[in-house]
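Can you read through this structure? Questions will come right after.
Letters A, B, C, D and E name the chains as they come in the text, with residue numbers starting at 1 for each one.
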Amino acid sequence: MTLEAPRASTTQFDTDELVINMGPQHPSTHGVLRVVLKLDGERVIDADCVIGYIHRGIEKLSENRDWTQIILLTDRMDYVAAATNNLGYCQTVEKLMQIEVPRRARYLRTVLAELQRIASHCLWLGTHAMDIGAMTVLLYAFREREFVLDLFEEFCGARLTYNSMRIGGLPLDIPPGWDKKVLSFCDLMEGKLNDYETLLTNNRIWLKRTRDVGVISGDEAIGLGLCGPPLRGSGVPRDVRKDEPYAAYDELEFNVPLGTRGDTYDRYLIRMDEFRESIRLVRQAVEGIPEGPIMGKVPRLIKPPAGETYHAIESPKGELGYFIVSDGKSTNPYRFRVRPPSFCNLQGLKRLVTGHLVADVVALIGTIDIVLGEVDR
Amino acid sequence: MLETIVVPLAKIVVLLNAVLVAVTFLVLMERKVIAWAQSRLGPMRVGPYGILQAIADPIKLILKEDITPRKADKYVFTLAPIMSLVPALVVFAVVPFGPDPFYYLSDINVGLLFIISVTSIGVYGIILGGWASNSKYPLLASLRASAQLISYEIAVTMTLVSVILTTGTLSLVGIVEAQREGGLWFAFVQPVALMLVFIGGLAETNRAPFDLPEAETELTGGFHTEYSGMRFSLFFLAEYANMIVISAIVVIMFFGGWLQPFPNVPALAFLGFVPPWIWFIGKIFLFLYVFIWIRATLPRYRYDQLMALGWKVLIPVAIGNLVVTGILKVAL
Amino acid sequence: MLEITPLHYSLLSAALFMIGVIGVLVRRNVIIIFMSIELILNAVNINLIALSDQLQDLAGQVFVVFVIAVAAAEAAVGLGIIIAFYRNKETVNIDEIQIMRW
Amino acid sequence: MAEAIVFWTLAVLILGLGIAVISARSAVHSVLFLVVNFLLVAVLYVTLNAEFVAVIQVLVYAGGIVVLYLFVVMLVNLKKAPERYADPRRVPWTGTLLAGAVLAEVIAIGVYSTVSSDGAAATGGGLGADTPFSDCGSLVSCNTEQLGWVLYTSYLIPFELASMLLLVAMIGAIVLAKRHL
Amino acid sequence: MADETKSQSGQDGADSRPRAAGAGSKVAEKPAAAGKPAAEAAARKPAPKPRPKPKPKAPPEPPKAPEDQAPPDGMELPKMVTAVQAGAPGAVQQVSYWVGDWTVIVAVDRLLDVMRFLRDDDSTSFDYCSDVTAADWPPREKRFDVVYCLYSTRLRHRLRVKVRVGEQDPVESVTQLWPAADWLEREVYDQFGIDIVNHPDLRRILMPEQWQGYPQRKDYPLEGPGELLMENPQDWLRVRNLPDEAGAGADADVEIE
């Protein structure tokens, strides 16, 4: 498969340009994404993403909720990684209010965030492989994701939208024995990862479908604002956990896997490595959970002083940023803005698919790992 | 009268019913095998271990509303599933299930060519189905499918020629007899040809990893996106009947049809207590199992890669195999 | 009427041939004209096969094989031309295909 | 008797479908009629003991060439009636009359030749006595072998030329149809 | 239609709290509106008829945009800030520091200069545009803050750039510097109606193409009949704020749903 640059203009006589709508009802657009593809034969010459089908106005809505209630709304953005959304929001508010979070809570938050990354990557792996036709991996990955959901359920009672953090700490301490279960899950997951890799990593068809598909250079990826695995796949060492450490990440050891070629296969490998790094992080964090309180000193009425801040964390999808403005008077934010990683990554889709074939479009939608709830908010 | 009309008719009725029932259970088998591969149970609700699912599925399909899109070409839309199913069933006219004339409908001296040519007609069902739906995705899928079928047909035919070269007959019964006389299944004589025919067969039946014509994640449903109810089930039947056909061809050409393993080895003669048709059907189902197993394991090729595989790998290898077979035939 | 002689086959062939000729002359869609030519070739083939059977001479069948080969070549090149032409002029109407260059 | 029934049925169907091919409104329908026509012609070949040619007819014509036609029809899928423009100089019915004249001539020749001679004698240059299939008896039983033998002996050079022709046609078609070589 | 709108204005007047009027409003609003008696509520409605309706939330006094806090005395300006002050003289109007974030406030007409400098200069090297967003402060004459969050993947530092613009002021697009800004600016246009000029493809992004009004503005009506909101929310505003329905100032109940 040679990657030829999109032709500047098709010859004026060309007549078989075909415009097809992929989505919003399409099995592999991962929700209600609609991609208007302009095709020359099977080759994509232009793509336009139409989003907003599940725009719920979460930003506007949040401006009318009090600070604690918003945690619940953040669950609904990236609904496959609700805990990291909670984490990003709570940390932003803590930054605004300059609240010190106890160390135990920070460790637990790290455990939750990394478990969430495993769950989110499981979902990504399953759907991505399914898009490329490997249906068994989907069920395997969902099976393991189920274990993570069980852990979350035991921790906070919910399986999808956890509402699992509070400003200043955590609402609940972990149930007894939970840490053991987490550790045994880590052991299990490591074995299962080898299963996935057996099915995919050296599979010739998988290689053919992903190698050199959607190649993007590091500079271009930075310019396009890609974040998370798509950015690291192009070899840019950018991970918020390392660059601007939060929670307990500065006390834990982990590597940031980087790609070299910036193609779909690299992004796949990176996420597979991130599974392992997450497991490593979870192990370290669980083993290192200190004793102590789980809530910091938080005023009864949460009312940050007037001011604004932008705070980012590394969600499974990439840099999840919150820009929050408080007017210092009311008990709700004056402006609540989310910088959704899926949104910014989806922006790169047009660049990625141009010049590729229709079948690659689904592979590329899969590789950027979007959740439409987060794109549309 | 009895010999010329009643017996063949009775055979046709039995054969058609057997094929159709086999297809429904093949669907169940596929669901079960894939479920086990994916650590699931598969259908469990209808009957013990979901066995009656094989009956429930067709009933559901037949009872469903049969929708014709308003802008579809109505006649062609109805004709397409029939054109797709009929060739798949016609092929069974020459498939020998056993050594005696009792086990087959007819043994014509161009049997293999007959199978090849009749299956090549099946492509019309797919093209016309996609075209008559008057919808973009099915049209794209049907163009893909027909190009795929025609390309792989060349490779398969070319490979089968090398088998014909070994046997010197086009009659299917003759081919099996040749294997009995040679004492070896052709799988051992023509291993390359076996691989080529099997891969080509996967592609010709639109099975994974070549299931592009119905790649639901890319083209939503393939050429039968607009079909529902009875007409859809005809396409469905055709696909699975084609699987059986390809398995039957592979078994006849390379695995000795109804012969037991190593038919001339006296030590294995005790295997003769198994009737020939059981051997034949057993081998067919073994291959169907491999079909399903592959589907559960492999991702899907991309269209251009599939064509490249067909034209740049399979066809050259098939020609090379043919040349080598020819040279060996002359030399030995 | 009940005795089928080669003449019957010749007549069938002639009639099919005429249908093909009419198609070529009457229709304006190039593709259908091509199909009419295929009909003509088939008419010839019927004649050849019938006579081959009658004379017990395989030359007729050999000829049919060649005719089919030629038909395949003709279809490939002819349809290639049609595609190339359609791409440039967006028509397959033979009456609009009248200039030698564009 | 049986032969007559088969022949007349086939003849009527073949001619009817031939007419349908040239008169169908939609080009796709034309192609469909053409396929069925070819299949019936193949059946006619079988009745004439030309099994191999019959199978080749199905394989190459119906399974290959006509699919190509169908492809092209779909590629240039014209929702608008393709025949909207007629060259004013066109006089189709004269052509039809001419074709009728040709048919009449063929009939005349046919009738004349049957009346004047009692069928051409079977003086075929077909199988020499040295073919390995002399035990086959008639053409019926091992038609394919004999045809192969003849093709690869007496007609070897034309056969190879035909393969060259196909190669040239294939390259020509690719050059014509591919936009960006 | 008019009756319906009036009766709904009742409840709405009670708390002119902003509420997301997204695509779902059509369904969500109606049952809520049926509740309260129209007259009572209408009586409490203030009558700010001009378009920039006074801020929504705290009726007694408009929420002044909080000051951008100056860095505490003695705090040294980081190099990136001094560099931009030197590199684009006069463009930086104000430097602000709050909870660890540095912000420069830039004149809107110099925005592109500053941004280009920030991207290209070695001491700043902001090659990554994290976010582009805005905030609406209605009573202010330059009611919008357009905020650019920049990050440098080489030097690993962050800076926010802020411009203040009025409703009609055009803002130069930064897509030529960071292609990443494309969708982000489209969202700013979509949600705030800020005029971004020289943007390659300025269209609605989250809202439907034919949507009227800009949902993230503070004066965007939060409740009302969906059809009217869809067609013209400003009409709805006018209907709701008819002078004869004006009463005493609304109370500042911040009702949480």
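Quick note on the criterion: contacts are C-beta pairs under 8 Å (C-beta built on N, C-alpha and C of every residue); 3 or more make two chains touch, one makes a residue touch a chain.
Everything numeric here is computed off the predicted structure, so don't read it as measured data.
Across the two interfaces under comparison, A-E and B-D, the one joined by more C-beta contacts turns out to be A-E. With centres computed as the average of Cα coordinates, no chain lies farther from chain D than E. In whole angstrom, the spacing between the mean C-alpha positions of chain C and chain E is 73. Distance from the chain A centre to the chain B centre is 43 Å, each centre being the mean of its Cα atoms. Centres computed as Cα averages put chain C at a distance of 7 Å from chain D.
Distance from the chain B centre to the chain C centre is 33 Å, each centre being the mean of its Cα atoms.
Multi-chain contact residues of chain C (touching two or more other chains): 86-87. Looking at chain A, one finds that residues 14, 16 touch two or more other chains. Multi-chain contact residues of chain E (touching two or more other chains) are absent. Only residues 1, 18, 20, 26-28, 42, 129-136, 139-140, 143, 199-200, 203, 205-206, 208-209, 357-362 of chain A touch chain B when the two sit together in their complex. Contact residues of chain B toward chain D in the complex are 73, 75-76, 79, 108-110, 113-114, 116-118, 120-121, 123-124, 127-128, 131, 139, 143, 146, 150, 153, 170.
By the touch rule above, chain C contacts chain D in their complex via residues 1-12, 14-29, 31-32, 34-36, 38-39, 42, 45-46, 49-50, 52-59, 61-62, 64-66, 68-77, 79-84, 86-87, 91-93, 95-96, 98. Within the complex, the chain D residues that touch chain C are 1, 3-4, 7, 11, 14-15, 18-19, 21-22, 27, 30-31, 34, 37-38, 41, 44-45, 48-50, 52-53, 56-57, 60-61, 64-66, 68-69, 71-73, 75-76, 78, 82-87, 90, 92, 95-96, 98-100, 102-103, 106-107, 110-111, 114, 119-120, 122-127, 138-139, 143, 146-147, 150-151, 154-155, 158-159, 162-163, 165-166, 168-170, 172-177, 179. Interface of chain E with chain A (complex): residues 17-24, 57-58, 63, 65-67, 69, 98-101, 103, 127-131, 133, 135-136, 147, 149, 153, 156, 158, 160, 178-184, 191, 204-208, 215-216, 220, 222, 254, 256-257.
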